[in-house]
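Once you scroll down, you'll see the structures, which are given as structure tokens.
One chain, chain A, appears in both complexes that follow, with chain B as partner in the first and chain C in the second.
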Partner chain A sequence: MRAYKPKGNVQAKPYYTDRYWKAPQVAKFDVESDEVFSADLAAIKSKFDVKEAFIQVEQMTVWINPSDIYEVLEFMRDELEYTQLSEMSAIDFLEQRDEFEIFYQMLSMSKRKRIRIKYSIKNGQAVDSISKLFRCADWSEREMYDMFGIEANGHEFMKRILMPYDWQGHPLLKTYPLQGDEFAAWYEVDKIYGKEARDIIGPELRDTAQVDRYDSERFARLGHEVPKGMDPDVEENKDKTQSYQEDGGVFMIKKLDKESSKVIDDPQR
Partner chain B sequence: MAQQTNRLTPFFENITFDREDNELVLNFGPQHPSAHGQLRLMLHLQQEQIVKAHPDVGYLHRGMEKMAENMIYNEFMPTTDRMDYIASSANNYGFALAVEKLVGLEVPRRAKVIRMMILEINRLMSHLFWLATTALDIGAMTVFLFAFREREYLMDIMEGYCGARLTHAAIRIGGVPLDIQDTFIAQLKAFLDKLPENIKDYEDLLDTNRIWLMRMEEVGTIDTDMALSWGCTGPMLRASGVAWDIRKEEPYELYDEVEFNVPYSDKGDNFARYRIYMEEMRESAKILYQTIDMYHECVKNNQTELMAHAPQYVSAPKLDIMTQNYSLMQHFVLVTQGMRPPVGEVYVPTESPKGELGFFINSQGGAYPYRLKLRAPSFWHTGILTDLLPGHYIPDVVSIIGTTNIVFGEVDR
Partner chain C sequence: MAQHKINYTQDGGLPVALTSIDKIVNWGRSNSLWALTYGLACCGIEMMASGASRYDFDRFGTIFRASPRQADVMIVAGTLTKKHAEFIKRLYDQMTEPRWVISMGSCANTGGMFNTYATVQGADRIIPVDLYLPGCAPRPETLQYGVMLLQKKIRANKAGRAQKAKRLM
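Showing the complex of A and B:
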């Protein structure tokens, strides 16, 4: 029997992990330790349900309900001067708890502060589009859909952005292998040559580190190379060894002639 | 081999377009020379005027975020070079700073000074490249040759430092691997002393050039609201009336110790962006002069350390590795297994030549980042074309793409 490999996360794993090692935490600070953040949080709390809030590496993280996102960001933009959405995307926690974490990175230029709004959604659930609030979310949400398959309700053009439109699978899911899946291996072959050419061409080699050369028998036989596919050990192939000099010789270079050249047997001579 | 080359027939071969609105759909790119890489624009035209623009990106998508999840932190560093390959050290630095903030490393002062030098050299390289290619797109061949000549000089300096001209990988998590070479400062000073003259040359060629002004002035105007809403940063935002420079407002490294101005304009058009690039080159030169003094100060105070001292995350100096057993063991573990930052999240913005370059890292305590989001400024500077191009004419497309300064290594990642 083959050993069972969990399919939930097929990303690279370290070859060794100390099972007694407990990962430390990046320090979380109380929101009260910062005046601006505590005022902002109080304002958000007065209107919306806040699950958790803390400061980590100089930025505040606020956990909210998924349904509040549009109103929270609108409130932050109009009332709290967080005028720019720097970034938004998802984190795949499907294997651990069947959830995605969505984060929105907000910037206030007048206060010089950054807040990260977060919430989690279940697998298969859609998020509310905020592309009407921030135009940049238009592309971010498309990228999130492309990479994770999370759709945004109310988005006008919910299409893939980085991958081809007819691609299958969402590459940033933890279940998606780094070299791509079965579909990826046949995508370009099907597209360029057609499905009927699959047998002739074979799947695309997507692991760039893999060596596709099975001529190990001719490896490092200097002076005895034969054309590819020819067995060098067969007697009639012995005289077909390839020569790398042109017939007429090259200017300034003497043509190697095995008969007349002197072979030095003793390198220590 | 049974190749059927005629398989690549047009996608809509069975559809006949029968429209009465006289609208022409023009496919611009992805191999257009002024598309700055792999931008495909689908432009709906009424005569020469654009009524709808649909930028299509992804032709250079290499899945860097995916790759990051399968690489140890140090392994990912050379990959960041391939984002904004015009100023690759800026990406190296953004990533290094994000990891440093995540694990809480204190970088030695001398390394900080060298990093600032490298960053500003990269900014100059990037801006010169921008000027050269944009001028070429508009048709100003001379400026292209002038600016590339100066950029070549900077690339030589970088080559002397790290051996590479384009993809430097010159910055490490925790500091820099090497001290600058002996000729570095002399070369840099020679360049900086000549730079004002050079910039003057460009400006003489462009500032009052009738064609340049026609193509630049009041073309591609982005107002403040639009810039903020589309997530514009860097020169794109500063040209639209927001004086926001992360080096100034949220200083990292030693930017709070140097004197420089943040040029900005409230015009928001192509010409404003061009002026800001020119002024930023001058400010970069100003910063570089100051970093040279700071470097001399470090030498005088005998501050020789270049890498942070944190055996858990950063390998010891080469001498220690070769002479001390424990350092060698640490180094072996860090190279084969990789560092394991604490569990947590960090988003670190830096001011790259193109705008706000941010690295979001979610670490679950493993040797591989659990999630790494690359916030590349060019992504939204491309997106804004959707709203910016309608109303303009076809020749304006080229100059607008030029001044947005988008680089597709960064857009597609």
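Showing the complex of A and C:
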């Protein structure tokens, strides 16, 4: 028998699917094609276990073991002249492999080369902090914790950096909804007014396409202010348009006369 | 020594003006709307431009103050994040009555293009807003026109009546 496929939403399915489509990949090159990189890789390989190494877009990517990260970066900084940590963070591959990829982008100003150190950890594992090696990793590791929930062992101040301290959830996870979960939707109301204010203030209006037909009456148009509830487009309401100042003027203030005022409409003035 | 004698009733240019208490109080209030410096994002740049010499907010008596205790109007200029929401409420509470709030630009009005987890969807979820300015970002002319409308709103009210404290709830 054939395997059963649910046919409930057969209408919603796209008509055509390309079974032979493969996601485009950036071309990988052998490390031997570059002298500097092959020398660097040989130096790293002599001390540490390297799982995989290749060149992509003129940068070398080196996969290592998670436990070696501090020593590898220290070795690269002190021996191989990769003195700068440009960037570090994590990538969420929880759905595919239940793991995170952690990357460290290193830059050598003297060699004019960039190397990306990578390793993967399982969900829930912690990484080793490198903030003692590079001061810039201090905030990057805090951001990694904030956005993904990956803690860095040995970090001095392992707290959130972007979101408030009492936030729940890690927003850069693929499972986190863009418009926020229940906690995020009521965060400011709960914090300032308390949970009992939810009914009074009401839920957030998230539908960007919603049109409220009363908005044209509730809100005036700039330069065409009419009394509340009046339509400024109707011909007999044209002369009811409110001017900025009251009729008769204000004490010691000259009334604005639109006819005698000069309108500057030349953008090149 | 010269004798200086001023005859106040000599000509029509009297240094005396007769008016009502309402008008003089509202005249004072509406023409010295000191704004709380509250630039949160790119709208803040337009707000700064309004204060600088080309647009010159001082013509309207609007001077930016860095303290909520000395400010009459809070111009919420920019994206209000959820992290910042408690501070805008605190600063609003620190302003003395009577006080007004201008919500400047799409982000402060409705959250704007930031339909995300981290942005408050409209400053009026936190504090009561008197005036919503459309635009992304509104030009300085729009902000100045908005302040002029707020002046008109102030003048339309009785100054002597007990100020009802504005509360969202």
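Throughout what follows, the second predicted complex is superposed on the first by the 183 of 269 C-alpha atoms of A that agree within 3 Å, B and C clash if a C-alpha of one lies under 4 Å from a C-alpha of the other, contacts with A are read in each partner's own complex, and residues count from 1 in each chain.
Keep in mind that, in the parts below, contacts are C-beta pairs under 8 Å (C-beta built on N, C-alpha and C of every residue); 3 or more make two chains touch, one makes a residue touch a chain.
Fair warning: this is a prediction, and the values are worked out from it, not measured in the lab.
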Touching partner for A:61 - first (chain B), second (chain C), both, neither: first
Which of chain B and chain C A:189 touches, first, second, both or neither: second
Partner chain(s) touched by A:91 [first = chain B, second = chain C, both, neither]: first
Partner chain(s) touched by A:114 [first = chain B, second = chain C, both, neither]: first
First (chain B), second (chain C), both or neither touched by A:200: both
First (chain B), second (chain C), both or neither touched by A:134: first
Residue contacts with chain A in the superposition, chain B compared against chain C: B
Partner chain(s) touched by A:171 [first = chain B, second = chain C, both, neither]: both
Contacts of A:163 with chain B and chain C, given as first, second, both or neither: both
Residues on chain A lying within both footprints (that of chain B and that of chain C): 163-164, 171, 176, 178, 191-193, 197, 200-201
Complex contact set, residues of chain A against chain C: 163-164, 171, 176-181, 184, 187-189, 191-193, 197, 200-201, 204-206, 208, 219, 222-223, 225, 242, 244-246, 250-253
In the complex with chain B, residue positions of chain A that touch it: 11-12, 14-16, 21, 23-26, 28, 56-57, 59, 61, 83-87, 89, 91-92, 103, 105, 109, 112, 114, 116, 134-136, 138-139, 147, 160-164, 171-172, 174, 176, 178, 191-194, 197, 200-201
Chain A contact footprint on chain B (complex, rising order): 1-4, 7-8, 57-58, 61, 63, 65-67, 69-71, 101-102, 104, 226, 228-231, 242, 244, 249-250, 336-338, 340-349, 356, 358, 360, 362-368, 370-371, 373, 375, 379-380, 383-384, 386-387, 412-413
For the chain C and chain A complex, residues of the former touching the latter: 17, 19, 23-24, 27, 31, 82-83, 85-86, 89, 110-111, 115-118, 120-122, 125-126, 132, 134, 142, 145, 148-149, 152, 155-156, 168-169
